[in-house]
Structures are given as structure tokens and as C-alpha cells.
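Starting off with a structure, shown below.
Think of it as A, B, C and D in the order they're written, each chain with its own count starting at 1.
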Amino acid sequence: MPTAQLLLHCPDKPGILAAVTDFITVNKGNIVYLDQYVDRVDHVFFMRLEWDLDNFLIPREKVEDYFTTLYAKKYSMDFKLYFSDRLPRMAVFVSKMSHCLYDMLARYTAGEWNVEIPLIISNHPDLKLVADRFEIPFYVFPITKDNREEQEKKELALLAENKISFIVLARYMQIISDDMINAYPHKIINIHHSFLPAFVGAKPYHAAFERGVKIIGATSHYVTSDLDAGPIIEQDVVRITHKDSIKDLVNKGRDLEKIVLSRAVLKHIERKVLTYKNKTIIFS
Amino acid sequence: MPTAQLLLHCPDKPGILAAVTDFITVNKGNIVYLDQYVDRVDHVFFMRLEWDLDNFLIPREKVEDYFTTLYAKKYSMDFKLYFSDRLPRMAVFVSKMSHCLYDMLARYTAGEWNVEIPLIISNHPDLKLVADRFEIPFYVFPITKDNREEQEKKELALLAENKISFIVLARYMQIISDDMINAYPHKIINIHHSFLPAFVGAKPYHAAFERGVKIIGATSHYVTSDLDAGPIIEQDVVRITHKDSIKDLVNKGRDLEKIVLSRAVLKHIERKVLTYKNKTIIFS
Amino acid sequence: MPTAQLLLHCPDKPGILAAVTDFITVNKGNIVYLDQYVDRVDHVFFMRLEWDLDNFLIPREKVEDYFTTLYAKKYSMDFKLYFSDRLPRMAVFVSKMSHCLYDMLARYTAGEWNVEIPLIISNHPDLKLVADRFEIPFYVFPITKDNREEQEKKELALLAENKISFIVLARYMQIISDDMINAYPHKIINIHHSFLPAFVGAKPYHAAFERGVKIIGATSHYVTSDLDAGPIIEQDVVRITHKDSIKDLVNKGRDLEKIVLSRAVLKHIERKVLTYKNKTIIFS
Amino acid sequence: MPTAQLLLHCPDKPGILAAVTDFITVNKGNIVYLDQYVDRVDHVFFMRLEWDLDNFLIPREKVEDYFTTLYAKKYSMDFKLYFSDRLPRMAVFVSKMSHCLYDMLARYTAGEWNVEIPLIISNHPDLKLVADRFEIPFYVFPITKDNREEQEKKELALLAENKISFIVLARYMQIISDDMINAYPHKIINIHHSFLPAFVGAKPYHAAFERGVKIIGATSHYVTSDLDAGPIIEQDVVRITHKDSIKDLVNKGRDLEKIVLSRAVLKHIERKVLTYKNKTIIFS
């Protein structure tokens, strides 16, 4: 049974929640999900709402229009409307490491995720075999300092052609330019192999080893033009000891990376993430 | 039954473990604890050994001398020898927050820790009531920019007079000068209210809130002249969400701080921590 | 600024949330907290709502009456109304172990908890010293098979006299009879030193050691007439290894117990726990 | 560089460690790993030792014989000797769920694990596609009450033919008979989808939901003839809330299951697990 999914935020005022839920129920929409949160410092109201479309009186193609006219303007809302049967379309960018890619493709194939993955892009040919195994088109765009702009243009054309709605960087070892970031604002998900903001940048496991930390982490975040500084979606950690070598850290971290990235991607696929002021609201 | 506790490290060579354990067993010492670790990159051997003194043939006051002559020089060992019935003597430094102090005094009073706590030092009078409740002498040394040197001298004299072997900074909100650090090298334990090296310095909960992390932490470390950069003894974390205000972070963090600090102090009391190259070896 | 705190559950129907929030806002109550949850299987609506009483048009002594008449009957609600400035009154029951007691009294004294603790009850005199240190009345009721009924009657009288609203069993090593449980339904909080439902009953650390588990836990729950089977409020775990003796388990578990119990008690004090079908709804 | 890997346990006596390490070093073996543990209650000595074979004076095919003659008999040792270049050969048993299988095959293919996987066995044809993708032979043995004995005989023949050294039950939904268990004593690794010993048997997620626990777990253990009661190798947990449906538990549990199983399998592949009295010693 298809549902409509509404995410919004607006200045907090009395009666918003009542007004919005009223809109759904008066029009015979059966609410199947509601989570809301009020930032009591900044006075901002956040909500995610989901309702069955079956007996809903407003045709789905007119919902956005009606909601804008009746509520969004009145309450200065910033909102997004999705339908559960229009799956998000995800592109995966990889380089040479396969663990995150395998983890996501296994979930995709097993039907864990309501998503389409029309293509995989890489700057190296190494993981073509993995893509072939799962019968997903694989495109190689080798990147050098000199050709980045040109190659990204081709990539953007390919993404547009495939109606890609968001991108996952699955240990993709290349800088993404601002042009691509601006084309997919808060729609590019990266996995960084440290507990951010500790160990920003390259070789975080080496840095963690040098510092002698007792716990390492991984962080999944939306990519912004600030390196490793975009809104954090999910983090997790694992305990290490003095006995762990850098290689042990890399091994333990690999499991963290794939789990943390997949949790973040799932939340995005479920349309349960709102970004606000370089942070994320994660609905339950 | 009193035991001897030996901690050592030295360049790794074949036969060290056999030689040292042989020394104990030949002299009728019953080994009750042995943990060792070899750094295979730097080729360093680390060991903690504990044996009953009861039937040990070498008198306890001569063990250090014999061991130095027979093994330490031969293998270029850096070693420390303790006796389980000579309790470490711990001074606690506090300011205004009581949670770490209460946690440690409760453990001390309940007999959880084999330690002596002859005194508590503070730069504020606020926690005198807590010290009184547990009948522990409480000394106030108000610190200003101008009198730090002078006050620390008095503190050092008081510590020496009380034969203090190590210091715990239980949310003590003052910089410790190099003079004091040098008087207690790797013998001052601090609790920092963040997951180091993230959020070094003041107001880490505010910084964590601003950054929008999904997990916060606490770190206990030995104090060195580099702020918040000494060898880490213990860390732990707790999950937070977008719903948590700075006040919530402070509350959740408080529980972390006291548990992480107490775990670190216990390891130190048990003489299970070795420092090496700004890191710690924590024996099991 | 005092607030009203409303917890309710009822059969889920469209419009409840709108109706209830409307009741507050129309009467000039400023909502400062709202968390709701719908059980989509059993079709039950749960909500916790909190609003400033300052400009609220309905006098606080009439709120319950009005709400019952206007909404509770209409929607078949089961609800509870509290006021933030009427603190819950908590009795602590202890036996011989002090760690949970110290942890709670330290929080109480430091002002972490909005609660009154008018008395401590024990079946042993051992912890009188602790109570004395915090200047809280301490009553000893030694319990034997033969005198339980009689002693509990005296305890109940003492509790009533002190207007106790809930009881915390802080490692109290006695069975509570059904009479007392019925006098405080879902208002007696216990800490069980295992990850329930594993290791129900006595000596869970011994049982965990025997079974060779790699993780131990602690569970805080409301007491019902089924031993260790009441609604679970909070649980947590800690990793152990083959190196840990039963004594190590007891030591590690002690830290878990006090943290888990204190988290559960805090949730209860904040009036953020609803029980339903032998489970708890924990509001955020 | 190939190494020898020795695991042993024996009654604890002075000098064992020295004797065994001496055996290696005297014969010019370079020790690259040593971990030992003494059970001080039962007085049992456990050790894992690994050394380079390159300059080792005793030919690899004679090491077992020499060690038996010189030490094992003398100290009543129970020991196992492996060589790092003789990879363990692992069979995977599956039914219909793919998540654990994908996780292991991805690791295998990526070279994370030093193991051979010559075949996959199932009681259903469903996962043949997965096996095909990774080009691993897949055999279907449908099991009914009536044909179990006969089918297991065929399976055992197939396992023997493929020189299988251990079996992993990756959510294999069939009882293993004692004949097969006895053919692979402590060499069949299972993943149970609960925090054992809680929720033994079928449908643990349903049982966990009913009980209202706040944390769920997964347990990997060696299979013995007692259902879900064999030596535990690894466990882990994840936090849940009242908002999680049974389906949510299944989803969250799936990630736990695959990570916990893969950690256990890795420890087994690395020959770092010793079983003793229905428990495991896990070397570091």
C-alpha cells in the first residue's frame, strides 16, 4: 500500500502539529507514522509524517500543491514530499576497497533496501568484477589533477541520465569538486574512517595508532565543500588495545565502516533524515 | 598474602620471559599473575609479573637489588617493583563538581580500592562538605594567575609530607604547571570530558553539540606538559541524538566521566599501566 | 517555572493528538515537551506532554477534572497528571552493599535529581553510616520467614506516613510480598544483576561465569509478583573475557548496576515511563 | 613467511612457559606471537605460540613428534599444532537467509580471511544464485524427518571428500544430528539470534519483543548435542526501544548476526580459540 512521506521544518508556533495532522485526517488519510521534534532553543519545529494514499481524497499529484497553498506558506515551512513507491535512485562511487560495496549490494539484492542502484562509478577498474557479479553497470572514470573537471562533467551527465537522486561514496578515494556537491546538496553520503571530528583527512588509522586512543570509530556524513565537516548522519565505535597494530585497526575499522555507512544509507533511503544548520535530525 | 609486582619493558630478545620467570620459580616464588606483550614493530618486550612473597627466598628489601644486578642490566630493562601490601597514596584535586569525587570516595570507603587517600586539595571551598562526610582532610589553595607558582609550592610540600604517590584531577579546573607535572611524571591522572583527540581544551560539550556528533565520550589520561595530549589510559562513549541539548550532554557526560576516571584510577592502583612513547600498555 | 506533565494512552483514533494539543494551546499553555508513539499493531496511542502553567487559563487544581470531562472519557484514556514542582518522594531499600546507594545519594545531594528522599529502609544495620553521612533517616527492619508480614506492615505504615510515591530496591536482598507490591503497583524499581531474562534469580554472576558468556549485563525493572519478570526500564552490558573470575564479574557488574539503576530511577523521576502490557514506553 | 601455531593447555606448574619458549628459541625459531593465561582456580595453563619456520632447525613434519616426546607427555599437555600456510577448509551450511553468507563470501573473496571455502551445503535451493555469483559449488540436501540420517551421511561423505576441517552454520535452519556433531567436535560454528542463554530455541526475536527487553543480541558458539548450549565464542548486542516492532528487531539483529558470526569464524580461522569445560579461551 503506497504512502506519502512528508518531512518539514518551520518556526515553531502553537497549532502546527494539529493543523498538519488535521489536513491528513480530514482528507481521509490514515497516518501510519508521525515523529516530531521541537528545538526549544532556536524555536524550530521538525516533523516527519507518513500516511496511506489509498483512500486519501487528494490525488497524489496535487498533494504538494495543496499543502504548499494551505500550510507551507502560512507557516513558512521548508518541506519535502515523497511517495513510498517512487524509490530513490542511488549511485555508488568506489575506488579499490570492496567491503562497503559488497555490504550494500548484498542488502540491495536481498531486498533489505527500498532503493534502485542503476550504476556504480569508479576511478579504477578493480571492482568491476564485483559489479558484474551483481549485474550492475560499472563505469570507470580515471581521475587526474588535469582531467577532474572534464571527467566530473561526464559523470554528472551519466547521473542525470540515470535520474540519480543521491550518491554514496563507498571508500571513494577522490576529492569531489564543488560543482558535483552543488548538484547534489546534502545528497552525497560519505564514510570517513574515524570518529569525526578526530582525525580529519588522510590516514586516520595511522593517526589513531600514533595517538594511542583506546577506541576507534567511523563516521557517515553528507558531503559539503568543507572536508569531512558536513552534517553527521551516523557514527559508531569499537574498542581497541595496545596490542592492536595499524593493520588490526584497519581490519576492525572495516567492519565499522560498512555497518555505519549502511545504517546512514538506510536512514536516507527511508527519508528519515533532515538537515538543519550543518546537523541532522534523524527521525525514529 | 602479600605479593611482589614487577612491571618492565626492554628490547625484545629471545629468552627474556624464560629468564625472568625462572628467577621467580627457582627462588620459590609462586607466580599468581603474568601478562606480557611484544611490540613486533619496535621490538620491545613488556611484562607484568606478580608472585607470592611468602616462601620467596630473597628478602623483599633485596629483590630490587638482585633483579637489577642479575637481569635488568643484562637486558637493558626499565622496571618498577611494587609490593601489594604497600598501598599507593593518592591525592585528589577538585574544584566545584562533586560527581567524580563522590564516585571515588564511595569506592574507597566500600573497600573496592587498595589505596590510601590521605587528602583532598581544591582551589575552591565548595566541596569541603563532601570531604567532611568521608572524614578526609580537605585543603583549599585558591589559585590566581599571580599566585600559582607560590600555591603549587605549598601543595607540593603538602603532597610530599603526605608521601603522595599519585594525583587524580577529578574535574579540577586549573592548569597544572610543569613543576608539578615533573614532580609526578605520568603520575597525575586527568579526566577530560570528550573523546580525545576530538574537542581538546575548554567547553568540549558545547563543541560536540555545535558539531552535531552522534556519540560523546570521556578520556582519562596522564598529564604531560602538552594540554590534553598525554598517554590515554581509558576512554568510553555514549550515544546521543539531535534531541539532546547541551545540558543533556553534560548530564550524560557526567556519568561517563566518573566511570572512565574510576576505571583508569583502578588500573593505576593495581599497577597495571605502563607508559611507553606517549601511549599506555594496560595489562589485563 | 512550574509545568504540568501529562502521560496518557488510549485506543488510537484520528485526531487525538490534535485534540489534546489544542486543549493546551487554546487555554494559553505553552507546550515545552511533546513525545508521542503509536503502537500500530495493537492500535494504541501513547503521549507525554508538558506545558508551562504560568499563563495557563485553567487553575492547576482543576486541570485533571477538565481533562477527564473533555477528553479522557471521550477517548477512553488512561492518564496521569503531575506537576513539576511537586517532587516525587522516594524510599530506598538496601541490605549490605553500598554502591547503588552511594551513587543515588551523591546525585541527590548534588542536585542532579528532582526528588525527595525522606528515608532509607534496610533489613540490616550495616549501611546506617552511609545514611548518616548524608543525614537521611535510616530504619532497620530485620526480616525473617516468620516476621515478614508483620515487618512489612510497619514498613508500609512508615512509607505512608512519609507520603512515599515510589520505592527503589538498591540491591535489597529480600523478597517483597504481594501486599507491598500491590500498594506500589509499578512503583517499585529493582536492579537485577544480570541481562534479564538470562540468569533469573540468585547468583547470576556465578551462573554467567559457568555458562561462559562474553558479555554480562544489569537490568532495572518494576517489581511485579513474578520474580524478575516485571516491565524492564533499562538495561546495559559490559564485555568480559575468559580471564575474568567471578570476582571480576562482580566488580565489573557493580558499575553496571549503579549506572543502570540510576538511569531507570531518573526516567521515573522525570515521569517519562509508561507501563503497558508488562512493557515500558520510555519517552525521550 | 610460514609460521607454526601451537595451542595447548595442561595442569599449571612452574617452568612450563620457560620450557616451551626455550624449545623454540634454542632451535632457532623466531617467536612472533605469544599469549598465555593461567586459570588460577582450576590451575590450568593455556598458551598460544607462533614462530617463523624459516630457520627453525626441526623440520615441520617432525615438530609434532618432537614436541610430544620432549614436552607434551612430561607436562600432560593437550595440544594442537597448525601451520599458517595450510589453510583451514570451511564448509558453509545455509537455508534461505543470505546476509551471513554474503558477508562471509565478501570477506573470503576480498582476501580478508586465510581460509578455503570449497563448498556450500543447503537444505533449500534458494541461495544457489549467491553461490554461483562467487563461483563456489553449491549442494542441496533437502531434509525431512524421515531422511535426515541418510542425507547427513551423504553430506558427511561430501565433507570428507573435500577435506573440510570445520563447518559454519550461517542461519541453517535444521537440527544437526549427533553423528555429524561427533564427526566435527567443537568444529561446527553456529550463530544464534539472541543473547544466549536468554531466548534459547526458536523465534528469539518474538520472545525478546514479548519480554520487552531494551537490548537484543546475537551469539556465536560451537555446536554440541545440547541445543544452543555449546561453548560461546563471541556475542554482541544492540540497543532497541519500545518503538521497534518485531520486524525492526529482525532487521537490527541481522546486522548483529553477520558481524558476530564473522568475528567468531575469523578467530577460529586464526586458530585463536581453545575450548575447555564448555567455555572458550580466546587468544588476543
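Here is the rule we go by: a residue touches a chain if its C-beta (ideal position, glycine included) is under 8 Å from a C-beta of that chain, and two chains touch if they have at least 3 such contacts.
Note that the structure is a prediction, hence the values are computed from the model and not measured.
*Asks:* Find out how few touching-chain steps suffice to connect chain B with chain D.
*Replies:* Contact-graph shortest path, chain B to chain D, evaluates to 1.
*Asks:* Please tell me whether the contact surfaces of chain A and chain B are same or different in residue numbering, using the over-half criterion.
*Replies:* Chain A vs chain B: same; shared/all numbers exceeds half.
*Asks:* Report back the single chain whose CA centre is most distant from the CA centre of chain B.
*Replies:* The most distant chain relative to chain B turns out to be A.
*Asks:* What is the distance in Å between the mean C-alpha positions of chain A and chain B?
*Replies:* Here the centre of chain B sits 42 Å away from the centre of chain A.
*Asks:* Measure off the straight-line distance from the CA centroid of chain A to the CA centroid of chain C, and report it in whole Å.
*Replies:* Chain A and chain C have C-alpha centres separated by 38 Å.
*Asks:* Can you tell me which residues of chain B touch two or more of the remaining chains?
*Replies:* 40, 241, 243
*Asks:* Along chain C, where are the residues that touch chain D in the complex?
*Replies:* Residue list for chain C touching chain D: 37, 40-41, 195-199, 211-215, 217, 231-237, 241-243, 245, 278-282.
*Asks:* Which chain D residues qualify as touching chain A in the complex?
*Replies:* It comes out as residues 98-99, 102-103, 106-107, 109-110, 112, 133-134, 241, 243, 251, 254-255, 259, 262, 284.
*Asks:* Which stretch or stretches of chain C touch chain A in the complex?
*Replies:* Result: residues 14-15, 17-18, 21-22, 25, 30-32, 34, 36, 38, 40, 239 of chain C touch chain A.
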